[in-house]
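Two complexes follow with chain A in common, the first pairing it with chain B and the second with chain C.
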Partner chain A sequence: MNAKAEKIRVASIDPSYYQAVTDAIRTEAVKLLSEEAVVAVVGYLPGRRTGTAVPGLVTTPEQAQQLIFSPACVNNLSLYLTKAKKGVLKKGKVAIIAKGCDLRALAGLMGESQVKKEDIYTIGIACAGVFGADSNRSGGLSEASIARKCRECTVHQPEGTDLLVGTLPELPQLTPLEAEELARLEALSPEERWAFWKEQFAKCIRCLACRQVCPFCYCEQCLCDKNRPQALESSPRPAGNTAWHIVRAMHLAGRCGGCAECERVCPMDIPLNLLNRRMAMELKELYDYEASTVPQEKGPLTRYQEDDDQSFIK
Partner chain B sequence: MSRIGVFVCHCGENISRTVDVERVAKEAGEIPGVAYSCDYKYMCSDPGQNLLKKAVAEHNLDGALVAACSPRMHEKTFRKAASAAGLNPYLCEMGNIREHCSWVHEDREEATAKASDIVKFMVERVKKGKSLAPITVPVTKKALIIGGGIAGIQAALDIADAGHQVVMVEREPSIGGHMAQLSETFPTLDCSQCIMTPKMVDVANHPNITLYTYAEIEKVDGYIGNFQVTVRKKARSVDESKCTGCGVCMTKCPKKKIPNDFDQGHGMRTAIYVPFPQAVPNTPVIDRQNCTMFQSGKCGVCQKVCGPGAVDFEQQDTLTVESVGAIVVATGFKLYSIERKPEESAIQGYGEFGYGTIPDIIDGMTFERLASASGPTGGRILRPSDGKEPKQVVFIQCVGSRAREKGISYCSKVCCMYTAKHTMLYHHKVHDGQAYVFYMDARTPGKGYDEFWRRAVEEEEAVYIRGMVSRMYQRGDKIVVMGSDTLVGVQVEIEADLVVMATAVQAQDGADLLAQKLGISYDKYNFYSEAHAKLKPVECATAGIYLAGACQGPKDIPDTVSQASAAAAKVMTLFAKDQLERDPVVAKVNEKYCVGCLACKKVCPYGAVEEREIRDRQGNLVKVVANVNPGVCGGCGTCQATCPSKSVELDGYTDEQIMAMIESL
Partner chain C sequence: MSLLITETNLRSLVDALVKDATLVVGPKLSGSVVLYQPLAAGDDLTLDELPRRSAKELYFPVCEDILTYKRENGKLEVRDIDRSRFPETVLIGAPPCDAGSPSILDAVFSWDYNDEFYLERRRKSTIMGIACTKGDDACFCTAVGLAPDAKGGSDLFLTPLVGGSFRCEPVTEKGQALIDKHAGLFSEGAAGEAVAFADQSTGKLDLPKIKEWLNGHFEDPLWESIADICVGCGACAFICPACHCFDINDEGNPDSGTRRKHWDACGFSKFTNHASGHNPRDIQNKRYRNRIMHKFKYYDDKFGKTLCTGCGRCIRACPVGIDIAEILDTINKKAEQG
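Then we have the complex of A and B:
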């Protein structure tokens, strides 16, 4: 490896980029709130510990000065818009800070009639990436600390926002670890692959954090809580766990925006985003459908076209 | 605890041959909740139905399961019997142990075990079933006829004469279809135009018929009694309301050398044209691909000479929505094109015949045009290459048909008869000519048909050679036809001036796409499927849609007309009632759990789902949910399968019922 490549590999993203994004967010938020164009801004506030950030709702121009953007801003904020979760939209029109991956969720929610476009103002971020779940955050964002999903992000510069803030710094080329892992699993025999997932699902304690953090899990009664008839076993045992994760993957097929929040919050480190990505690939190959940052009228499972692949119907 | 009766049918020997029905009945009696079980030779017969009625009364049954044939066959029968015995008809179900079991299995032991399983899970379904009341919906007494050939025309006239409104949609600029192209018709040799054109005029003048020509079906929504059909009227470039049909535009059009499809490419027409002089409506259409005005923007002669100012180069396609109660599909056929192997098709071409490269090898429809008084030769039999009168003509039957190795295994039904007719027409017009016919079999069932064929052979001097042609090639101005005479056992070689091939009858182009729009089924050749080959030959499995003519399979004119009138009779039966009673198998939304993602609305093929706002007492919006209109719901269950939170249930097929069925096994 030559010296330049080595430098890029270890170099952190210049902190001035984050400061610029933060400033732009604050300016816009103050403007929107003082003009009363929105009643609140959903964004990120500094966490208690240095180098952390928490989701926050600000309603006054003064509070808006607290908003930040840093590599610690991992959460997908579109979660807070749906009724099943926080339902902040009840208050009126809100502005929301969204990274590319979060925007795909927002667009999905609009397509599924959960959020109306006219009820929100999207402040998109030209995002360089965020921290991985358990990475060492002391040295800023680097190859060592960046989240796996960000290594192969395709929406650094999202489209379809009301406002896009930030100028992307030069981004290093990183090895696509997820794609490699997917390829490794694909190369296995079905038995070996099943063994892999069986082991992963066996770890599940059914805390359902993956469900709670997913913006697309907006049902008021989840299918897995239904008991007449019971669709799947509710206690954390292998059969029910497997059923749950398969149902989850199927329900997200083609809808998932790839924010990988499910994987981040999983206390048992199940690589859930691999499943999501595998299903997304399937939908792309079979029906040329992929989650987009722009709302689509029909979703992958509600759309029918005459040239849809029907080869699986025998 | 339920009190269910199980009735196991022998179906003569259809079921009892492979299934031990007595054992199935005995085992059914041991299922918890079954109060009575028995077996009987013919459950659908009068004594069989009485058995059910008696058992309901005697054993105080609250549900019934008849293990017999498919519910499509007899569900109505048994539900009626159950209803007569005082049971809610929707608590009477059928277990299919015939089509799903005895007919498809050989091993008696295994088939019996499977039949018992079918009974077991169907009992669970009855247990979780609910009493339902039928739904009534109004019937729109207006019929849509797709296709304006003889089938469509007959059906339209019959329905319109009965006093109902009819909408006819024809893809081509004129109605008439293939029959308008024919010269004479078998077995009476009466002129096709003479019997066809008056009917075409009747359609155009009928006060109850709305005619859309040069139009196609864009979209079909709804269900029996209440279809919404979107019709795309293609831009004709001529305003039908202004055009008087004087024909000046056609005489002045400078583009005169365009092969006319109506004459199978052997006559010429202009760019603004009517397909044939007797066309209905007699309104020209501009063929935009061949029109100088559309291609280069210079010309416009037709517009200048048109007195009423009917020519409109700016005309666009228009969409019209028609509400109809019934649909008759009469889209007809096309002839097998054998010149080359169609791409990505299982059908092989006939390259060895030289069709398409040797101009004097033509198909049967082209011969019809040559023989027709309105055709390109004015009714004289002249061969295409040099316009000479052919003295030796070879007719070949079964080209494409009955040739499994070439991809089509069926018989095209009309070729034996029309080839016999062709030999006669030829003999009448060329007295010193000789006709030869290569045939596999002469199939002539039908009133007066065999007599007609014998006349061709015995009185009109056609030479019939039993055998197929292997190869044809040009030698000088002759076509050498090499074939075999299998009755004599010799190879035959004939030097012909003209060869006429009776090519196979095939489904129309796009027949499959139309079927998908209508939601009807079709076979591997794209012919539409009837609901029952013997007992429901004109009905589609989709209620309210009927078939007429060759779109269902090869048919001659008498059969086509009979079927068209039969389809019309079915439509009139439907229109005899003001209200239609429908099964209450419809979807219901659980508003408590519905999150209003409206996936159900997006997938509903009937357009039965709409949004409903739920508000509190102060009028504040609580949430938006999906709502199913039971009158429109077709009970397909797509919404139930799509709903992510399982908030939609189909009555009679609830998740609870289906899970109970699975768990019983």
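Then we have the complex of A and C:
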């Protein structure tokens, strides 16, 4: 283990940090539920297996005592808020536990009028990072077990929450593996890059886990499900798979908050976040736009301005 | 009678079968994922981990063509797929949770309709199962009546021995025939200590009792509490060795195209959507209930078998950590309390 890894292990695995965050979440959740300030708290509960946690929709102060926070709390819980997915807001105001990356999704959903700020109470977490999809979860968070997205996180300490819990020690700089992979792909010829993605999309089995965990995939009629006539081939074959993932990347451009849940849940290990990040780079370059933890009323692709760049029209 | 085969000879057996124009399928690393794939040579075989997807796709592929059509001079010509060209197949290196699934699925694919795509592949297949030494805390095969050394579904069965060789036992005539044909690769006398079998993370389940509870609890608060976090994807069903639902789509244009059969999942919201727009399973709880009911009640009612081999894949893959072993344990406890 090198010095960096040692540092993050010490920095983030110190059990007292997670215990303090867990305690703070429990105290706040119990208070909110007892005072009936919210009808539910969307948070994390311990899983049966070592190093796992599961999303939980907690509605009583007793259940709130079970809430936890640990590096196993990988899920972006904001997906549970939209009507298309779970619609928990139908029942009333809810509190939600949000890491920085989750908060960007919440801000995006507010900007798109899917969630109203006054309907939610955000408990933000100062988060050092979470486990990667296939990492060994028996130990703590380390350079070996941290998720790829967390290595380049810019929102460890999210702003704009109703409450922020946890105080992070100084975190080490980690090698940006994802940025390096993006740069590697960028340096390839278009033919080589196409070959890379063709191979990746060929693996897709269309379980649609990517769509189902995405907070922004809230379309009531997904083009994947359209079959009279088909918008794209729904069978898991290269043509339809490619169309699906490219269309999805386009639909997420200027919206994706970078939680990388699509990539984490893919049972075939398709590096979907690379597509999302590439789109984000495009948006930054063209419109100086970045997903943020603060709601923005209109994204660049849903707004028209007289002086919009039109040079692409030829 | 049991025999011995060294690891080198096991790989040579793959080479010999491939040379014989047999399709040999076994766990093979592809990128970051181990999958059951055609092996070009014995060296492709990896026995280090459970493949990400089950072996059901040998008989029930992710996607397959079932007919093609073409309109010529105003006449529509429909062509069947020539199933006689499906190759003889040997599945090698499947642990009991995978080797055991086709013998569960045979019942449904030859029930009111003979699915010749499935059945033709099954007739042409030989399964070499292997005792499981690689379990983790998602495994629960013993809880559903299997075991790391269960031979059910295998035509011949390998047991890894300390030192790297395998004990090989024929289970069916098909298995014996394969041994006879390649007798030179096996030796007699299979004494030796077996590698420790995989540990199981859960206790035994009382499946009849669970079924009895399910019989009386189509409506129960449990369904809401376990499924309120389910996001409705198909990951659990697709990687499951026993889930076998499929959709059929005509893909092409009015003049030519292909009818395709591909995996479907009861977790999808559109799975039971009627043409009228009515959806009898309109919320996720009802869909998740169907998953449990189908595996532990309906399939048993109809075919006398449980539609689960305890491989634990759904537990590992669920995006939100839904744990079927834990749910079964909860139902088991409820059933015991009456």
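Throughout what follows, the second predicted complex is superposed on the first by the 296 of 314 C-alpha atoms of A that agree within 3 Å, B and C clash if a C-alpha of one lies under 4 Å from a C-alpha of the other, contacts with A are read in each partner's own complex, and residues count from 1 in each chain.
Here is the rule we go by: a contact is a pair of C-beta atoms (placed from the backbone, for glycine too) under 8 Å apart; a residue touches a chain by one contact, two chains touch by 3 or more.
Not measured: the values here are computed from a predicted model.
**Q** Both complexes share chain A, so when I overlay them there, do chain B and chain C fit or clash?
**A** After superposition on chain A, which the two structures share, chain B sits beside chain C with no clash.
**Q** See if chain A has more residues touched by chain B or by chain C, and give me that chain.
**A** Comparing chain B with chain C, the partner touching more chain A residues is C.
**Q** In the overlaid three-chain picture, which partner chain does A:Glu28 touch, first (chain B) or second (chain C), both, or neither?
**A** In the superposition, A:Glu28 contacts neither chain B nor chain C.
**Q** Would you check which partner chain A:Glu178 touches, where first means chain B only, second means chain C only, and both and neither mean what they say?
**A** Neither partner.
**Q** Between chain B and chain C, whom does A:Asp102 touch in the aligned arrangement: first, second, both, or neither?
**A** A:Asp102 contacts neither chain B nor chain C.
**Q** Once both structures are overlaid, what angle do chain B and chain C make about chain A, taking C-alpha centres and a multiple of 10 degrees?
**A** Result: 120 degrees at the vertex chain A.
**Q** Could you tell me if A:Gly299 is touching chain B, chain C, both of them or neither one (first, second, both, neither)?
**A** Touch partner of A:Gly299: chain B, not chain C.
**Q** Return first, second, both or neither, reflecting whether A:Gly47 touches chain B, chain C, both chains, or no partner chain.
**A** A:Gly47 sits against chain C, while chain B stays out of touch.
**Q** Just checking: does A:Glu263 make contact with chain B only, chain C only, both, or neither of them? Give me first, second, both or neither.
**A** In the superposition, A:Glu263 touches no partner, neither chain B nor chain C.
**Q** Using the touch definition from the top, say if A:Leu223 reaches chain B (first), chain C (second), both or neither.
**A** In the superposed model, A:Leu223 contacts chain B only, not chain C.
**Q** What does the superposition give for the shortest Cα distance from chain B to chain C, in Å?
**A** So the smallest C-alpha gap separating chain B from chain C comes to 8 Å.
**Q** Which residues of chain A are in contact with chain B in one complex and with chain C in the other?
**A** 230
**Q** What residues of chain C sit close enough to touch chain A in their complex?
**A** 31-33, 52-53, 62-63, 137-138, 201, 228-229, 231-235, 237-239, 247, 249, 251, 260, 262-263, 265, 268, 270, 284, 315, 317, 319-323, 325-326
**Q** In the complex, go through chain A and note every residue touching chain C.
**A** Those in contact with chain C are residues 47-50, 52-57, 75, 79-80, 85-86, 134, 199, 203, 205-209, 211-213, 225, 227, 230, 233-237, 261, 264-265, 267-269.
**Q** Can you check the complex and tell me which residues of chain A touch chain B?
**A** Listed in rising order, the residues are 83-84, 112-114, 218-223, 226, 228-231, 251, 298-299, 301-304, 306.
**Q** Can you list the chain B residues touching chain A in their complex?
**A** Touch list, chain B to chain A: 513, 516, 592-593, 595-599, 602-603, 623-624, 642, 644-647, 655-656, 659-660.
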